[in-house]
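I've put the structures underneath this note.
Below are two complexes that have chain A in common, paired first with chain B and then with chain C.
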Partner chain A sequence: MLRIDQISKRFGGVQALDSVSFELKQGQVLGVIGPNGAGKTTLFNCLTGVFQPEQGQVQLNNPKRDLVGRRAETIVKWGISRTFQNIRLFSGMSVLEHILVGGYTQTPYGFLSTVLRSKNFHRQEYEVQTQAYALLELLGLEHLKQQSAVDLPFGLQRRLEIGRALAAQPKILLLDEPAAGLNPVEKQELLQVIQAIQKRGVSVILIEHDMQVVMPLSDWVVVLDHGRVIAQGDAVSIQKDPQVIEAYLGKASEDA
Partner chain B sequence: MTKGTVTFFAISVAVPLVANAYQLDVLTSVLIYAMLALGLNLIVGLAGLLHLGYAAFFAIGAYTYALLNIHWGWSFWVGWAPAVLIAALGSGLVGASALRVRGDYLAIVTLGFGEIIRLIFNNLDQWTGGPNGLLGIAHPTLWLPQGMYDFSVKSLPYYYLSLVLLGGVWLFCHRLSHSRLGRAWMAMRDDELAAACMGIPVLKMKLLVQICGGAVAGLAGAFFAAKQGTVTPDSFDFIQSVMVLSMVVLGGMGSMRGAILGAMLLGVLPEMLRGADQYRMLVFGLSMIVMMRLRPQGLLGRSHKESQLAAH
Partner chain C sequence: MTASQLFLQQLSNGLTLGSIYALIALGYTMIYGVIQLINFAHGEVFIVGAYAALCVMSMTSLQAVMPWWLLLGLAIVVAMFVSALLGWVMERLAYRPLRTAPRLNALITAIGMSFFLQNALMLIFGATDRSFPNWVPAVRWDIGGVTLTLMHIIIWVSSALMMLGLHFLVMKTQLGMAMRATSQDQKACYLLGIPVNRIISMTFMIGAVFASVGGVLFGLNYGTINFHDGYMMGLKAFTAAVLGGIGNLPGAMIGGLVLGILESMGAGYLSSQWKNVFAFVILVIILIFKPRGLLGERVAERA
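Up next is the complex of A and B:
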């Protein structure tokens, strides 16, 4: 479904990504783990058009599309949407409005339709509102719809970000550390939300530090360290991989 | 249409029953300000682009209509349309050249363009009459069954005409803000990157909002020229841009009702203080300071709580 082939990205002297390759299959949850500064978020930025990789290819299948060199707004249209590691909600907008903004690509009516309130306008607005209410219900946010998004508790802000990304009806959803800062109860709820998303046929790439979140969810795990893929495989084999253990815990001292 | 809007327009329609000609004249200029404030509110309030040269598009509208009327005899009923188009185009061009600057830098660039456009009108003597401006713009006339009705220098017809135009501008802005476009503008105002990652073409949307705002200023300008019968460059100076911006800020950025309230307060206040001429600007400035201290989001604005978001 999504093939990442040898992509590299450099910031000055730092090789943030170094020939990273992996593949996401239809309906999979793919976990990306690695220590801080391993290049995980840079990877997301390269996939979503925020940064452009210097080398390599990112290909989407069905229909076949090349993502490198494309703008962020084009990539969303093609079915990849994302959340952010540091929550980026719109400070002046309500919960419902966030979800409606997420549906921007689902409402292609133009300027004249807007000003003249054409049939197209009414139909698409109706659809996007209906979708928004369904999503709010899925995420358990419907009773908060008129609230300002910044007034929500942290856990619900993260959930709203996921809802906003889902409103774009992505085929692939990129979640950047969705469990960071959540308490254990909220983490359990997040697991259920992600599973529900997967059931809808959306493939997920998940950046996460919390192994209790990544491991049960992921069909495939990619481990990054210093911009390189040091291992990839299913959750069980990754947990036993000596290189992964070394990257996280350090090497056992020889003369100990 | 909400109850508030209907009440506002109903009261406005009834006002001439109790107001004299001078008061109606003041109110007509308030309604022009209200149009400008609604238009600028799209750019500054909704899309978050700090624009300091808005009066320039007001000028372009006024001069376009004035020239069409003087040289080709276009009446107001057709002349407003090219005025709107050319002002929109001008605003779009300024916007396009400043597409990649934001915040304070955008404010400086738009301020510069605003002054340049005014100076062009001031110095193109052979076409615009230079500092003396254009004189002898015909007043609008209406075909009525009893014969031709000339607006001439009466107050009442201009008042009602400006009210109708304000209604149109209100509808235009209301429809824009309650749509995917309005939501997209608010989103990019609050977080450009997140907006782009939701599929919003940020640069295109910035251009579009300036075109829409320019169009509104063009309409107000055409009306202004038709009412005054003359246009001079000094009606469109930097102070005008700041005045309209103050109305938007006072009313509450992003709030259409706020923009109109701001226009009413700042439009009428200087007239009421005319007796105390020397203290006018003092009271004006003081009231702005008090407002900023007590209600920084404006009288009818939604509060922004960016600090809470940034805390995480």
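Up next is the complex of A and C:
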């Protein structure tokens, strides 16, 4: 579905990504873990057109498309959308409005049809609304649709971020630390939401620190450290990998 | 004329002038909201609209085949189109290349654009006043000693309708939502796949459409237009936008009306030569107490 082949990115003297390769298969949840500064968010930024990797290829299959050098707009249109590590919701806008803004790419009607309220416009508007409601229901936010987004509790704000990304109707959803700052109950709810998304046929790449979130969800885990993939495999084998335990899990258990 | 008649008469004049200010001020405030640029050339967009309408209305061949109201309607549509095109071209050629440059660079470019357009208009249409056909029948009503004209009512109603339309566009359509989102976090919008450049272009065009209607109403109401009217009206409308709280749409409408009324009151109670002084003194006083304008929100600190 998505093949990342030997991508590298350097910032000044720092090699943020060093020949990173892995593959996301259709319908999978792929977890990317690694200590702070390992290059996880840089990886997302290279996949979504924020940064261009200096080397390597990012390829989308069916239809075959090369993502390197593309604008974010195009990449979203091709079916990859994302959430942000720091929540970036819009103040003064309701929950429903966030979903509608997220779906903007899917409704390419122009200014004239908006002003002239053409028949096409009404039909599209109806479809967009229906989809937005379905999405809110999936996320359990439908009773809050008129609420101001920034007034929601933290956990629901994170969920709305996911909803806004899903509104673009992606084939691949990139989640940047969706569990950060959530309490145990909210984490459980997040697990269920991600599983529901997977069931709808959306593949997911998940950056996450929290092993209790990554391990049960991920079909495949990629471990980054200092910009390099130090291990990848299914969740069970990764938890046993001595290199991973040393670089990451080991330290985490010492902290705890 | 009694005191209350004078007051009501000036109020009516002020509402008329204020409606035109408000139509222009909306463009300043929308553009500022989306890219934090004071588009000083927006006043020229306003007067270009008036000139475009004048050109259409002066065509004798069209006058022969159309009733006046149809030709006026056509003139307004052409004015909107020409101004929108100007707004689009201006953004595309002058401001977009400077999007990432320091804000002052774009501001200076805007001032340059304003001078450029003023001089271009002077070369094309001459430096003297051009008379603007007043085709709206001079119907007037005398209500308790206060004179209301059909023209005033047309200005009030059409600007109120346009503002309602804009409110609907911004609050209820997906385009409007994308505009509001872009004004808050352009980077996030870009990453969400919103065509940020197109949204900004559309903001310029919508602002220009409002200014052009203001331009036509201005010409119809005052009977003459001049290339430097754009500069003066633009400056006043900018003031109105700041008075209402720049970046805030209802603020621009209220700011426009308040400024128009203040000016008329100044003209009525002091003298017409002192109307600007009066208006700006009040403006300074308001801004001392409400530095962000009448409806300006406190800018929340972002973590």
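Details
Just so we're on the same page, the second predicted complex is superposed on the first by the 248 of 256 C-alpha atoms of A that agree within 3 Å, B and C clash if a C-alpha of one lies under 4 Å from a C-alpha of the other, contacts with A are read in each partner's own complex, and residues count from 1 in each chain.
Keep in mind that, in the parts below, contacts are C-beta pairs under 8 Å (C-beta built on N, C-alpha and C of every residue); 3 or more make two chains touch, one makes a residue touch a chain.
Because the structure is predicted, anything quoted here is derived from the model rather than measured.
Superposition of the two structures on chain A shows chain C clashing with chain B. In the superposition on chain A, A:168 makes contact with both chain B and chain C.
Counting the residues of chain A that each partner touches, chain B and chain C differ, and the larger count belongs to B.
In the superposed model, A:90 lies in contact with both chain B and chain C. Of the two partner chains placed by the overlay, chain B and chain C both lie in contact with A:100. Looking at the shared chain after the overlay, A:82 reaches both chain B and chain C.
Contact with chain B, but none with chain C, is seen for A:181 once the two complexes are overlaid on the shared chain.
Judged by the touch definition given at the top, the superposed model places A:72 against both chain B and chain C.
When the shared chain is aligned, no partner comes close enough to touch A:62: not chain B, not chain C.
Of the two partner chains placed by the overlay, only chain B lies in contact with A:148; chain C stays clear of it. Contacts of chain A with chain B, set against its contacts with chain C after fitting on chain A, overlap at residues 48, 50, 72-73, 76-77, 81-82, 84, 88, 90-93, 97, 100-105, 107, 111, 114-115, 125, 128, 164-165, 168.
Chain A makes touch with chain B in their complex at residues 48, 50, 71-73, 76-77, 81-82, 84, 86-93, 97, 100-105, 107, 109, 111, 114-115, 117, 121, 125, 128, 148, 150-151, 154, 157, 164-165, 168, 181. Against chain A, in their complex, chain B makes its touches with residues 172, 175-176, 179-181, 183-184, 186-187, 189-191, 193-202, 208, 254, 302, 304-306, 308-309, 312. The touching residues of chain A, counted against chain C in their complex, run 48-50, 72-73, 75-77, 81-82, 84, 88, 90-93, 97, 100-105, 107, 111, 114-115, 125, 128, 164-165, 168.
Within the complex formed with chain A, the residues of chain C that make contact are 169, 173-175, 177-178, 180-181, 184-185, 188-195, 202, 205-206, 300.
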